[in-house]
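The two complexes that follow have chain A in common; it is paired with chain B in the first and with chain C in the second.
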Partner chain A sequence: METVLEIKGLKKSYGKKAALDIGNLEFKGGKIIGLLGPNGSGKTTFIKLVSGLLTPTLGEIKVGGMLVGADTKSIVSYLPDANYLFDWMKTKDVIAFFKDFYKDFDEGLALSMLSNLGIDLKQSLKSMSKGTKEKVQLILVMSRRAKLYLLDEPIGGVDPAARDYILKTIISNYNEEAVVVIATHLIGDVENILDDFIFIDEGKVVLAGSVDEVREEKGKSIDNLFREVFKC
Partner chain B sequence: MSWDIKDDRPVYAQLVEIIGQMIIKNIFPPDSKLPSVRDLAALAEVNPNTMQKALVELESEGLISSVRTTGKYVTDNVELIKGYKRKIAVRELGRFINKMKDLDFTMEEIKDLVDKEVNNGNSFRN
Partner chain C sequence: MLGKLIKYEFKSTMRIFLPIYGVIIGFSLIQVLLDLFNIKMIFSDGILVTTYVLLIIGTLVLTLIVGIQRFFKNILGTEGYLMNTLPVKSWKLIFSKLFTSVSWFFGTVLITLSALSIQLASRGMLQDTWENIELLWNSLMLQYSWNSGLLIGKIVMMIVIYACYGFLMVYCAMAIGHLFNSNRIISSFIAYIGLYFIVQVISVVVLVGYAFVFGGGIDFLTNSNPDVAFTLINNQMIEMGLLAVIYYLVTNYIVKKRLNLE
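Right after this comes the complex of A and B.
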C-alpha cells in the first residue's frame, strides 16, 4: 500500500506556546488509526492541520504525496467536531452541496444510507435530534471516495445504538486504499475497529503501536493501557 | 451466539473462536457462502484487517476456503467440522480441569461432581 499521510517535523505554536510538536509520522493506506488523548491534548489541532484549516509553524504535511492545501481538499474527507452544516438546510440541500463541492461524492450511496435510516430528504436539519444529525453528517463524509478520512469525535455524545450505527457505517464504507483517522477520548468504544493507535498528550506523541500487539504482549485493552498512561 | 469481544486477548484470536463456534452450531452451515470480510467486520464491529486475519487462520484450519472471485465458503467436509468441535471441547475441558485443580479437587472428585451435576439436569448456565 502506498503512503497516504506523511508528516515531517510538525510543530504548531501559538506565540511561545507549543500546541503540537509531533515530529514524524507515516501512514499507509488501508488502515484505521485512533488518535487518542485526553481533552485538550491536541487531537483537534492535529486534525485541523492535516485538513488544511490551520497552517504548521514548522514542518510539512503531505496527503497522497501533495502538500496540504487546495489540492488535498479534494481527497480528504473531514468530519469536524462541531456541527458544520447550516441548520436551515434540508437534507436534499446538503446532498446538493456535497455534490457541488466534491467530485468523489457518491450520491447514490448517501441516498441509500439515508433512506435506510428513514430520513426524509425534505426534513430540515434543525428539526433533527443530535444523534440523527451526527448520523447524517457521518453519512455525507463517508459517502466520499476519499484517500484520507479525518473523523473528529464521531461518536461524541450519541447513545449506544447510534454509536453502533456510526461504527458500522465507518467500517462498511471507507475506501479500501484510504487511511481513516478517528480522534476521540472514548477509547473503549472505538478500539476494536482500529489497526493502530497513537496516544497524544500536551501536543506530543506519548505512545503508538498496533492494537492487537498490545493485547498480545500485555494482555490488556488499549482502554486499560490509556488509563495507566494517563493516570491522574 | 454473539460477537462479544473481551478486553484481555487479541481481537483476531477471539474472532477465530466465535466464527469457529458459529460454524459448529450451523449458523454458518457446511458449504455455505460467508458474508464478505467487510460485512463480517461490520457485524462484529471490528477492524476489517483484523477480521481478514481471523479468516486466514480459519482457512489454515481448513474450516473455510476461498473460491477465487466469488468469496469464502465454509468447508463441505462435515467430518472436519466434527473434529474441530472435538478439539475445542478438549481444550475447554482442559481449562475446566485446571480450574478445578486450583480449587484442590482430585480427578476422582471432579468426575463425581460432574456426574452429580449432569444427573441433576443442570444446564451450567449462569
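Right after this comes the complex of A and C.
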C-alpha cells in the first residue's frame, strides 16, 4: 500500500513547553487508526498540524508525498472537535459550499445520509442542537472521497444510537487507499472498527501497534490495555 | 476558487449591509413623503438631519468594523477551521476579504450619495446642486487645464488605494498579533501602533526629502501651485500603494507559514 501520511521529526512547542514530540511516523493506505490518549495528550495538536491549522516547530509532514499546503488540503478531510460551519447557513447551503470547494465531494451520498438521519435540508445550523450539528459535520466530512480523514472526537457529542450509525458511516465510506485517523478517548466505542492504534501521552507516542495483535497475543481489548497503560 | 471565495464572502456580509442600506434609503424616502404631504413632524429638521448624519457615519464605521471582524473571525478565529482547511491558497483567502470589504465601503458611499440625491430631488434642489457642481468642476478644469476623465480616474484610484491600505494595515497588525501564543488581541493593537509609528517615520523622511527636492525648507507645503500638490498626492499614492503591498505580503506569509489556530 501507498504511504498516505509521512511524518519526520515532528515537534510542536509553545514557548519552551513541547506540546507534541513524536518523531517519525508513517501511515499506509487502507487503515483505520485510533489516536488514543487522555485529555490534553496532544491528539488535537497532531490532527491540527496535519490539517495545516498549526505550524510545526520542527520537522515535516507530507500527505500524499506533498508538504502540507493548499494541495494537501484537497485530499484531506478534516473534522474538528468543535462546530466549524457558518451558523447563518442552512443544511443545503453547507452542501453547496462543500460541493463548490471540494472536487471529491459526493453530494448524493451526503443527501442520502442526511435523509437517513432525518435532518431537514432547510433547517438553519443556528437552530440545530449540538448533536445534530455534529452529525451534519461528520456527514459532510465523510462524503468526501479523500485520501486522509482526520476525525477529532467524531462521536464525543452524540447519543449511543447515533454513535453506531456514525461508526458504520465511517467504515462504509472510506475507500481502500485511504487512511482514517480517529482521535478519541472513548476507546470502547471505536475499538471494533480500528485496525491500528497509537497511544499518546504528554505529546509522545507511548505505544503503537495492531489491534488484532494485542487481542491475540495479550488477550486484551484496547480499552483494557489503555486503562493499564494510563492508570492514574 | 477566488470567485467562489468572493461569492461566499458577499453572501456572509450582505445579511448585514443590505438591511442597513434599506434603512438609509427608507429613511430618505420617509422624509420625502413627509415633505410631499407637507406633514409637520414633531421633530425639528435639525434632529432629522442629525439622525441622518449619525446613521451614515455609523454605517461607515460599521463597514470598517465588519471588514476587520470578518478577517479576524473567518481566518484567524473559529471559522478559520473551515476556511484554512479549504484547498485554496492563502493569498486568495486574504484577497477575497479585502475585495469584499473595499466593495462594501464603495457601496456605503454610493448609498449615502443616493440617499442624499433623493432628499435633494424631493426639495427640487437636485438639478441646482448638479449644475453648481458642474460649473465649479468645469471652471477648475479650465483654470488648470486638467483632463476631467483623468482626474475622476485618479480620485477613484486614490479611494481604492486608501481603503486597501487601511484594511491591509489592520489585517497585517492582526496577523502579527497572531504570532504570539497568548494575548493575541492586545498584541494586535500593539502591532497596529507599531505599524502606525513606522508609517509616521517614513512620512517624515519623505517630507524631509521633499524639502531638499523643492528647496526652501517646508515652504512647498504652502505652495499654491496645484501641480506641486498633484505631485505630492501622486507620490503619496505610490507610497501607500507600496506599503499596502508590503502589508499584504506579510499577512500572507503569516497565514500561510505561521498559522496557529488554538
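The criterion applied here is as follows: the second predicted complex is superposed on the first by the 232 of 232 C-alpha atoms of A that agree within 3 Å, B and C clash if a C-alpha of one lies under 4 Å from a C-alpha of the other, contacts with A are read in each partner's own complex, and residues count from 1 in each chain.
Convention: a residue touches a chain if its C-beta (ideal position, glycine included) is under 8 Å from a C-beta of that chain, and two chains touch if they have at least 3 such contacts.
Note that the structure is predicted; figures quoted are calculated from it, not measured.
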{"item": "Chain A as common anchor, with chain B and chain C clashing or fitting", "value": "fit"}
{"item": "Angle at chain A between chain B and chain C, C-alpha centres, nearest 10 degrees", "value": "160"}
{"item": "First, second, both or neither for A:Leu53, with chain B first and chain C second", "value": "second"}
{"item": "Partner chain in contact with A:Thr45 - chain B first, chain C second, else both or neither", "value": "neither"}
{"item": "Chain B versus chain C as contact partner of A:Ser143, first or second or both or neither", "value": "neither"}
{"item": "Which of chain B and chain C A:Thr184 touches, first, second, both or neither", "value": "neither"}
{"item": "First (chain B), second (chain C), both or neither touched by A:Asn175", "value": "neither"}
{"item": "Overlay on chain A, chain C to chain B nearest C-alpha distance, Å", "value": "27"}
{"item": "Footprint overlap on chain A, where chain B in one structure and chain C in the other make contact", "value": "none"}
{"item": "Partner chain A, residues of chain C touching it in the complex", "value": "1, 4, 8, 12, 15, 78-82, 84-90, 181, 256-261"}
{"item": "Contacting residues of chain A [partner chain C, same complex]", "value": "14-15, 48, 51-55, 69-71, 73-74, 76, 78, 80, 82-86, 88, 97, 100-102"}
{"item": "Touching residues (chain side chain A, partner chain B) in the complex", "value": "30-32, 164, 167-168, 171-172, 192-195, 211-212, 215-216, 219-221, 223-224"}
{"item": "Interface residues, chain B side, partner chain A - complex", "value": "5, 7-12, 38-39, 41-42, 44-50, 53"}
